[in-house]
Amino acid sequence: MVGMKITFKHLFVPEVTIQYPEIKVPMAERVRNRLYVNMDDCIGCDQCARACPVNCIEIETVKSLPTEDLGKTSNGKKKALWVTKFNIDIAKCCYCQLCVFPCPTECIYMTDVYEFAEFEREDLLYKFATLTPAQAEEKKNNFDVFQAEKEAAKVAAAEKAAAEKAAAAKAAAEKAAEEKKDDSKTDEE
Amino acid sequence: MYDIILNITGSEILSMIISAALPLFLFILPFALVAVLAERKVSAFMQDRLGPTRVGPKGTLQTVADILKLFQKEDIIPSEADKKLFNLAPILVFAGSFAVFAAIPFSGAYIGTMADVGVFYIIAISSLVVAGILMAGWASNNKYSLLGAVRSVSQIISYEIPTALVILSLVMLAGTLNMYDLTNMQTEYFWNWFIFGGPATGIQKILLIPFMVVGFVIIYISTLAEVNRTPFDIPEAESELVAGYHTEYSGMKFAIFFLAEYANMFAVSAIVATLFFGGFQSPFGYIGNLLGAEWMIPIEQFLWFTVKGLFFVFVQMWLRWTLPRLRVDQLMALCWKYLIPYAFVNLIIIGIISLI
Amino acid sequence: MKTPEEIFEILKSKFGEEGVTFTGDQAGDPYVTVLPEIFRKVAVYLFKNEDMNFDSLMLLSGVDDANGEKTKDANENEIITGGTLSVYYNLFSLTHRHKLTVRVSVPRETPEVESITDIWRTADWHEREAYDMFGIIFKNHPDLRRILMPYDWDAGYPLRKDYQNPEFYHGMKVPY
Amino acid sequence: MAIKTEEMVLNMGPQHPSTHGVLRLELKLSGELITGVTPHIGYLHRCFEKHCEAMTYPQVIPYTDRMDYLASMYNNFGYVTAVEKLMGIEVPERVEYIRIIMGELQRIASHMVAIGTNGLDIGAFTPFLYLFRDREKILSLFEMTCGARLLYNYMWIGGVSHDLHPDFLRLTKEFIDYFRPNITELNNLLSYNKIFVERTANVGVLPADVAINYGMTGPNLRASGINYDLRKDEPYSIYDRFDFNVPVGEGKMGTLGDCWDRYYMRVLEMEESLKIVEQAIAQIPDGDVHSAIPKRIKPPVGSIYHRVENPRGELGYFIVSDGSMNPFRVKVRPPSFVSLELMDELCKGHLVSDVVAILGSIDIVLGEVDR
């Protein structure tokens, strides 16, 4: 009967539950919900992709040409890579926050948005890359072009070097031949 | 009521059926709707939560929403189930639990049937439910419901004996089986109720009080078990047998089982209120005859009857959300080793006292 | 309260020099390696003997030592042949509060270890798990069958280093 | 002619309201009496150990969370101290205190779930909801410090991910004062309730020697009268600085080692954990929590077995390292895996509704059993 007294007392205790859609639970500020990447700070260093236990971050970068200037990140680090693809598959993410700590420029962090359910699973694949596919293509092409030029330049340089060596060798050979001729001339005189 | 209908319809049988069936539609169905919501609200407040608040203002239309949902749910019949029994079971359980109301006096002016064997009829009809449950358990061809059905059958049958014994001791004292006369005996003030010794006078009354209280406790516990409620809800123990005999039912059949359970709950608390707490008698006189308006009394009596019934229904709900569940053999032990011997002793002592 | 070294000395004196060897130089806790042939007697001794009284087996874990030579087969996944599979027994005595780790190494092709289920009842499921994950067969074990993987998993033993995921299992694609 | 009775095999299948997860119990029944129970596990097997071999040491921590998802803080604690012992890292004082506070709060939360579901299986619905209302307070404490409510990845090798929130200590003190009277209320409502006692006393009795032989640990072992608690007998981290007593079963409500004892152990342990957290809050020093976290974690070659007192029993990590960045082999000794073996022994001769009571009292979590 003691138990009955308790439950009866609880009849008058005000309720603890809240009505979810109208009243929302205030989130703690360190809460770990949806990932967000601030793209203009991202230098494409792939630290977060390496730290992720479920590898749900895929990054592809293209080296920028020395001529292009990509500007600086907020804390003054020079950016050298075009980030053509930065996908986070939030459906696979286990919200462990291991990717937030190694990021040098702190551009990846967890926001407190928790209502991001989707109907299609593909929508959960967040694409953070700022370059449109066309731009990405273009960046890749001119990088390949640049690469090709460098190759060509190197090959050319190599040939020149080889040519010089050959020339030098020929010159040396001729000199030797002349000396032999001089010797023979001296012999003849 | 019966004679009013008689001169309207003129035929004997028709008026008998109408007057017996009237409480079913006018009172019990709306009560069942309210009871389902009340149970969820009471349990919610006891557990510091709100209960249904979405449907209708503060959740009042929740049960209507439930019934509509159950209506359009598909009526699945398991493949190897025994079709005839499967469909017959809910009807039997529904009929059994609603037929009881024919003999309960709702108010001075209204009683379903002026049956002289009132109480005896009630005990007989309520065991019809047992057949229904056994059919449901066996027909749904599922081990869990078979276990649930066998348990609930043994439980209901074994708990009818203490109920019958206590009613016997009461009827012996009152001398009549008719519920209407029983209630009239407990007229006027509440110390005339049977729990306080009934209409007897002097030494006999004082002697009777303790045994009447014991009798009330026994009958309350055993009727609880008969309705599969609170500590005895083993047949549909969620954590062991999933949902006992009505696991395989869905849609309308499940709604019928559900309503039958709540109707049974009210029926049982009405019987206990009528037998021990003076059915529709008001504890301290009627306002009707104070103001001299004769016609108000039956309405007042009906109100008192409903208040007492609801109070006992509330106590059942209160028990359900406080006490854990008994095991089957403990249940049987409680019935055979404690309730029945006490009921017998109680019967004998009351018999001796009534001889003085 | 005995240190593993003292226990090792007692075991060496009892079971002879070659049967029992001790490695304590590595990081973490030292362990005693026992030959599979005499392991059963050592176990019974450790359990029955008064001043040892190892009455509770904390953990039994199989480890694939992967010390065989590695060859590349058709579609360049590794196959390890030769080498050993070893079983580590972590024993503990409630009365004397001392611990011991015993290691038994068995060849990869015929991984057979005597079962100790009748000495420590807890070994029953641990051995079944070691069989399920590594394929180590425990002789006269009450019912040696797979415990964690589905019972009819026929694509080898998952925790071996050279384990390849099967393409389909009952028509279901395995790597999603 | 004797009635021909044959045994009925009842499958308390993977989907059953009271199997605490995905477990199939095959009960052999004659009537209601149980003649044999064979548990079938493996439905929740996520090959934790195979994952560990492909991950670096810090990346394994989120996986240890998901093993015993009701006490994931303590799983981290076990794994992290094992690797630290292997690498010989000394952790600053403040981190030790934070870990003890977090561990003990997690023990209270896990016991709350254990007691709640045990009561629920026996039919008492209301105490389950009272306990979950209090458990919400602990979860919000965890969320304040590390951001997550159930799977924290809070303890790292050599430190913790976040320092304590400024008003964490104050809120924890409030929680302790708030929760203490609730335990006595729970006791009156459930522990001493006549029907609850009748349902659990003398049910599933576990004698002491069988418990040891089966390798039983934690509250289930102490309920059989053996005073063995890792925090007292083999004090790891700084448990030796706190004074708390270890509750041991006395068979108050029936024979020693029955369901009621195992249930009551957890209630007493909740009170002890409150004491520990109280003392830890009082003595916590300041300091930096990130100082001892090594940049590159490459433990030396070797193997180690380290055990911790998880709310469900003794959680042990056997780590073999071959000197590379990834662990060579991580084997876990989950306490629930071991206590599940006892089901057959405990349930013989009882009724179907007792199986539910016994399963609730040994308190298993299937995530840990199947790994």
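Here the chain labels run A, B, C and D in written order, and each chain numbers its own residues starting at 1.
As a working rule, a residue touches a chain if its C-beta (ideal position, glycine included) is under 8 Å from a C-beta of that chain, and two chains touch if they have at least 3 such contacts.
Only a predicted model underlies this, so the values are computations on that prediction, with no experimental measurement involved.
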| item | value |
| --- | --- |
| Contact-graph distance - origin chain A, target chain C | 2 |
| Chain whose average C-alpha position is farthest from chain D's own | B |
| Higher-contact pair (C-beta pairs counted), A-B versus C-D | C-D |
| Centroid spacing, where centroids are CA-atom means, of chain B and chain C in whole angstrom | 65 |
| Approximate Å spacing (C-alpha centroids) for the pair chain A, chain B | 73 |
| Whole-Å gap between the CA centroids of chain C and chain D | 26 |
| Euclidean distance of C-alpha centroids - chain B vs chain D, Å | 45 |
| Per-residue multi-chain contacts in chain A, two or more chains | 3, 6-7, 10, 16 |
| Where chain B touches two or more other chains at once, by residue number | 46-49, 321-323 |
| Interchain contacts (touch definition) - all pairs | A-B, A-D, B-D, C-D |
| Chain B residues within the chain D interface of the complex | 43, 46-49, 143-144, 147, 231, 233-234, 237-242, 321-330 |
| Complex contacts: residues of chain D adjacent to chain C | 41-42, 45, 47, 49-50, 53, 85-88, 210, 212-215, 226, 228, 233-234, 299-305, 307, 314, 316, 318-321, 328-329, 331, 333, 337-338, 340-341, 370-371 |
| Touching residues (chain side chain C, partner chain D) in the complex | 26-29, 31, 55-59, 61-64, 88, 90, 94, 97, 99, 101, 120-122, 124-125, 133, 146-150, 158-159, 161 |
| Contact set on chain D toward chain A in their complex | 55, 58-63, 65-66, 126, 130, 133, 140, 143-148, 151, 153, 161-162, 165, 185, 188-190, 192-193 |
| In the complex, chain B residues that touch chain A | 42, 44-50, 53, 318-319, 321-323 |
